[in-house]
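Take a look at the structures listed below.
In what comes next, chain A is part of two complexes: it sits with chain B in the first one and with chain C in the second one.
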Partner chain A sequence: MRIGVPRGLLFFYYYPLWEAFFRTLGVELVVSAPTSRPLFNRGVVLASDETCLPVKVFFGHIESLREKQVDYVFLPRMVSMEKRTYLCPKLLGFPEVVTSVITDLPPVLTANFNLRKNPKELDKALHELGKQLGYNARRIQQAVEAAREAQARFEDLLLGGQEFDLAVKGRSAERNTAEVALRIGVLGHAYMLYDRFTSLDIKGKLSKFGTEIITAETVDSGEIDHYMEQLPKKMFWSHSKRILGAAYSFIDDPRVHGLVHLSCFGCGPDSMIADMVERACRRRGKPFMVLTLDEHTGEAGLVTRLEAYVDMLRRRVEVENNISAHG
Partner chain B sequence: MNRLYLGVDVGSVSTNLVLMDENREVRQGLYLRTQGRPLETIQKGLSQLKLDGGMINGVGTTGSARNLAAAVLGADVVKNEITAHAVASSNLVPGVQTILEIGGQDSKIIILRNGVVSDFAMNTVCAAGTGSFLDQQAGRLDIEIEDFGDIALTSKLPVRIAGRCSVFAESDMIHKQQLGHSMPDILAGLCEAMVRNYLNNVGKGKDIQAPVVFQGGVAANRGIRRAFEQALGLEIIVPEHFSVMGAVGAAILAQEAVAGGKPSCFRGLNTATSQFIASSFECSGCPNLCEIVQIGLEDNVLARWGDRCGKWAVQEVSPAETETA
Partner chain C sequence: MKITFPHMGNIWIPVKALFDYLDIEFVLPPQNSKRTLSLGTQHSPEGACLPFKLNIGNLIDAAAQGADTMLMTGGVGPCRFGYYGDLERDILADLGINLKLITLEPPDGSLTGLARRIKLAAGDKPWPRIIGAVKFAYGKALAMDRIEDIIHWARPRALNPRLAEEIYRQAQTELDQARDAKGVDRVVRDTRSRVRGLALKQDYEPLRVGIVGEIYTLLDPFSCHDIERHLGHLGVHVDRSIYISGWINEHVFQGLYKAYKDISHHKALAKPFLNHTVGGHGQETIGGAVDFARHGFDGVIHLLPLTCMPEIVAASILPQVSKSLQIPVMTLYVDEQAGEAGLLTRLEAFIDLIDREKRMNRRISDEQTVLGG
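Moving on to the complex of A and B:
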């Protein structure tokens, strides 16, 4: 049996979970190719105009699976993955939206993941998936355990600062720990940041300028909760909670010289988060820049802004160093 | 012989060239319309330079076509517009803390503290509230863009115009004009709307402190300058070379780049008559189908860009090689 997985959206958060689960069951996973121009263009044509860029790109990925001779397309409905938070509303109705737009798709394999009240719902959802494919409970339980383990390892690797491309394969590698002159906290959804094409390779561009990049995935959940407790109201979107908590942690961290928020046009939660981060940065005098990407974004404008931003950070650091050397 | 530095700022609307001497005095400033042909405009500018016995010792480029300009001229430094503008301003107006810059297609604000850029913002995709819109409205009202600001200054009671979007601004202006408001009042109203829009978008949340410098092509418009003064309650300084400040910054950066006796990469003034060929092709190496732009001089490829993977990058050619070639 072959199951198709679109390389977009939740792929960047949960692929190791799915991969280990299906592999242990003995199912072959077929992942769509990394985002490319034709795939991107197809997605933009297929998806509703109102939605955000990563959702548009995701449509391109789903459509590309049609030609891959898969028995099912895997589109889990992930409603909530931790207590008292939700994923983005755009993701919740995805299985229905997709099947109404792309008609001649192989059957959709889905299950509800709703861990809002009870973390045990994860096992339940996975069992439901396994049952749909005709496996017995013992076999499924083995797969569930493998899946949890793989996901935990993936999250640990990211926490340790491992590159996404390696961490998603469960690979650890020695990281270069040489002291860098500039460290930038790059905020944004994983499906933007780690998709090289969609993000116009913003991480690669910043690295080329000689800066080290740290992302929200390197901040542990205890620290995020600590910052979230100080908010007057609960942040109930899980991704936004992580991004915002990480932002506050970067603002407090003197080893982080500045923050860049990579947002996408049409992202509701981001529009609020970006403003909250901006206010906090202003209060603390930390340089902050929002980059909003959409399908029309040209590289030239992005490079200009990044280059100017890095120039600015570099000059600031030089000045600070000069002052402390004399003070 | 006088050592001169050439700064070139190639923007979407204008191409500016500045010749600066060792003491950072501007010897010559050229403001040319790019008119969609950056390559030819750079060459045209080059042929109009008057060296007066001086010699170009360093070249810097900036603006959205900075890479193109660098490839054609042989630049010693290639810098983004923000840095270039900040460098120019802090040299001409020591102690400057805020730079308002409005050009043809973009507008930006740069905040400096202790001579260092501490914050900046650029307008987003929309060109509302930039020079192009003023140009277009001047054309519609059949007045010279050069007279725009002076006419606005004669207004006693500026009308209120929506400045958020240029489409709405235009329909608002037509509406007010049909009601019988005078031309100066409408123009002054447009100036105020533009400044309001600028401060709400680009300047949102920025700590604007004196001295404030206003530069870019739109700084020629005295109406806009007055509107800024009224909105901010601060004196607005328009430097002498306001329209070519990016190029001034590039020239200063070029001077810094060659300091210490590094030979310049400049290809020479005869570049003005060289036959550059800009061509493009689609790379079919992978599904990304990148559009590669290639700049050639006779049989040599000087530069290529547009590829995501870097496989088309041209090895840098040293100035000595190009001269003998």
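Moving on to the complex of A and C:
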């Protein structure tokens, strides 16, 4: 049996979980190719004009799976993956949105993941998936355990600062620990940040300028919670919670010289939290830049903005190091 | 303490009644206008949705008139409305406007927490009086819904639709001034009899259009360029999926009371098309469209602010509803850039389309009766 997995949206958060689960069951996963120009353009044509960029890209991935002769397309409905939080509303309605736009898809394999009230729902959802494919409970349980383990390892690797491309395969590698002059906290949803084409490889570009990048995934969840507890109202989107908590931690960390928020047009949660981060940065005098991408964003303009930002950071650091002791 | 609250259509009438009953000082911000919107847009995040921007405009206006506390309702996601109050307070604080925020929601689901917040807003008033005030205000919300629906009926049928608008305005003023439950009932009765006294078009059977979508744009005429009035004057009978009492009931009373045109069955109606809640009223939008189709409406209009997450899900699924239930659906996004003239053109085109379709169907069925068999 072959199951198609679109390389977009939740792939960037939960692929190791799915991969280990299906592999243990003996199911072959067919992942769509990394985002490319033709795939991107197809997605933009298929999706609603007013929706956000990653959703548009996702449609391109889904459509590309049609030619791959898969028995199912995997479209889980991930409602909540953590207590008292939700994922984005668009993800909550995703199976229906996809099937109403692309009508000639192979059958959709789906289950509801709602861990809002009870973390045990994860097992339940995975069991439901396994049952739909006709496996017995014992075999499924093995797969569930393998899945949990793979996901935990993936998250640990990211926490340790491992590159996404390696971490998603469960691989660890020596990291270059050479001291760099500039460290930038790059914020954004994983499906923007780690999709090279969609994000116009912002991470790679910043690295090329000789800066070190740290992302929200490297901030430990205890620290995130510490910052979230100081908010008068609980943040109810789990991804935004991580981004916001990481932002506050970067602001407090003198080793982080500036923050870049990579957002996309039409992102609801980002419209709120990018503003909160900006306010916090302004209060604390931390350099901050928002990059809002859409399907019309040109690469040249982006490079100019990044260069200017990095130059500005560099000058700040030099000036800070050159303050005369005599006043 | 001087309380204020942002506008949303006629909701100021019941909220004002609540404060008056409890003898609480409050500031009613000026009605939504282009000025409110540009003031709000200037100080809001660019990507925020339209209602947020109007809220900011209202709150800045209210603060200028001496308000020091803002009253909001909340939610725990996933619609961003749940975070409106907190972000609005922060934005205003950065502008040097310090408003205390009271969010009427059960914090972490705790009803005693909700009670504490109500007390915070109501001061030292005894509970029976607070409950009396809430009942009275809710009575006004129900009456407002009835009045709006009477006007929905009157607009397309009146020979002079302007007279219907006059009756509407008069009803708003009278309802605002009603001092007790009897007075509230009287306003509804009077409005009904005034409408009965209107000169009506002869043998006119109006097209019927149902409006579904995001609550704020549905209830607030400014944010949707008063689409209901435009449709009414084009000779269309309008109904909508959500009325104020339904919203209050759901957000504040947690579904305890009976609302006008209750929509609790809409989730079930949405099931074949959208099997899960998506926050806001996304699922109710689908259910509402199904409901209108089943009740023989001629078309559905879907209203939403640009970038609204729950409604974008609904907007992507509505074409499916339209196809399988054979009902025309038009989606209208609104934001601070939208212009009224463009909207009117689209409304006229839509009405022409559904009118033609209706006449075609009638002709086909006439042919079948006369020539068929």
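Here, the second predicted complex is superposed on the first by the 323 of 327 C-alpha atoms of A that agree within 3 Å, B and C clash if a C-alpha of one lies under 4 Å from a C-alpha of the other, contacts with A are read in each partner's own complex, and residues count from 1 in each chain.
In this text, a contact is a pair of C-beta atoms (placed from the backbone, for glycine too) under 8 Å apart; a residue touches a chain by one contact, two chains touch by 3 or more.
Here the structure is a predicted model, which is why all the values come from computation and not from measurement.
Trainee: Could you check whether chain B and chain C clash or fit when both are placed on chain A?
Mentor: fit
Trainee: Applying the touch criterion given at the start, work out whether A:Leu109 contacts chain B, chain C, both or neither, answering first, second, both or neither.
Mentor: Neither partner.
Trainee: In the overlay, answer first, second, both or neither for which of chain B and chain C A:Ala300 touches.
Mentor: first
Trainee: What is the contact status of A:Met312 with respect to chain B (first) and chain C (second): first, second, both, or neither?
Mentor: In the superposition, A:Met312 touches chain B alone.
Trainee: Counting only touches as set out at the top, which of chain B and chain C does A:Leu65 meet: first, second, both, neither?
Mentor: After superposing on A, A:Leu65 lies clear of both chain B and chain C.
Trainee: Looking only at chain A, is it chain B or chain C that touches more of its residues?
Mentor: C
Trainee: Who does A:Ser100 touch here: chain B (first), chain C (second), both, or neither?
Mentor: second
Trainee: Return first, second, both or neither, reflecting whether A:Thr292 touches chain B, chain C, both chains, or no partner chain.
Mentor: Touch status of A:Thr292: both partners.
Trainee: Quick one: classify A:Val186 as touching chain B (first), chain C (second), both or neither.
Mentor: neither
Trainee: Touching A:Ser36 in the superposition: chain B (first), chain C (second), both, neither?
Mentor: Touch status of A:Ser36: first partner only.
Trainee: Considering the aligned complexes, could you tell me the closest Cα pair distance between chain B and chain C in angstrom?
Mentor: Nearest C-alpha pair, chain B versus chain C: 6 Å apart.
Trainee: With the touch criterion stated at the top, can you tell me which chain A residues are shared between the chain B interface and the chain C interface?
Mentor: Touching chain B in the first complex and chain C in the second, residues 282, 292 of chain A appear in both lists.
Trainee: For a test of understanding, state which residues of chain B touch chain A in their complex under the given definition.
Mentor: 64, 79-83, 114, 116-120, 122, 124-125, 205, 286-289, 308
Trainee: Under the stated contact criterion, what part of chain C meets chain A in this complex?
Mentor: Answer in residue numbers: 45-49, 74, 76-80, 82-83, 85-87, 90-91, 94, 101, 103, 108, 273-280, 282, 306-310, 312-317, 319-320, 333.
Trainee: Within their complex, state which residues of chain A touch chain C.
Mentor: Chain A reaches chain C through residues 47-48, 50-52, 77, 79, 84-90, 92-93, 95-97, 100-101, 112, 231-237, 263, 265-272, 274-276, 279, 282, 292.
Trainee: Under the stated contact criterion, what part of chain A meets chain B in this complex?
Mentor: 33, 36-39, 197, 201, 278, 282, 287, 292, 296, 300-301, 303-305, 307-309, 311-312, 315-316, 319
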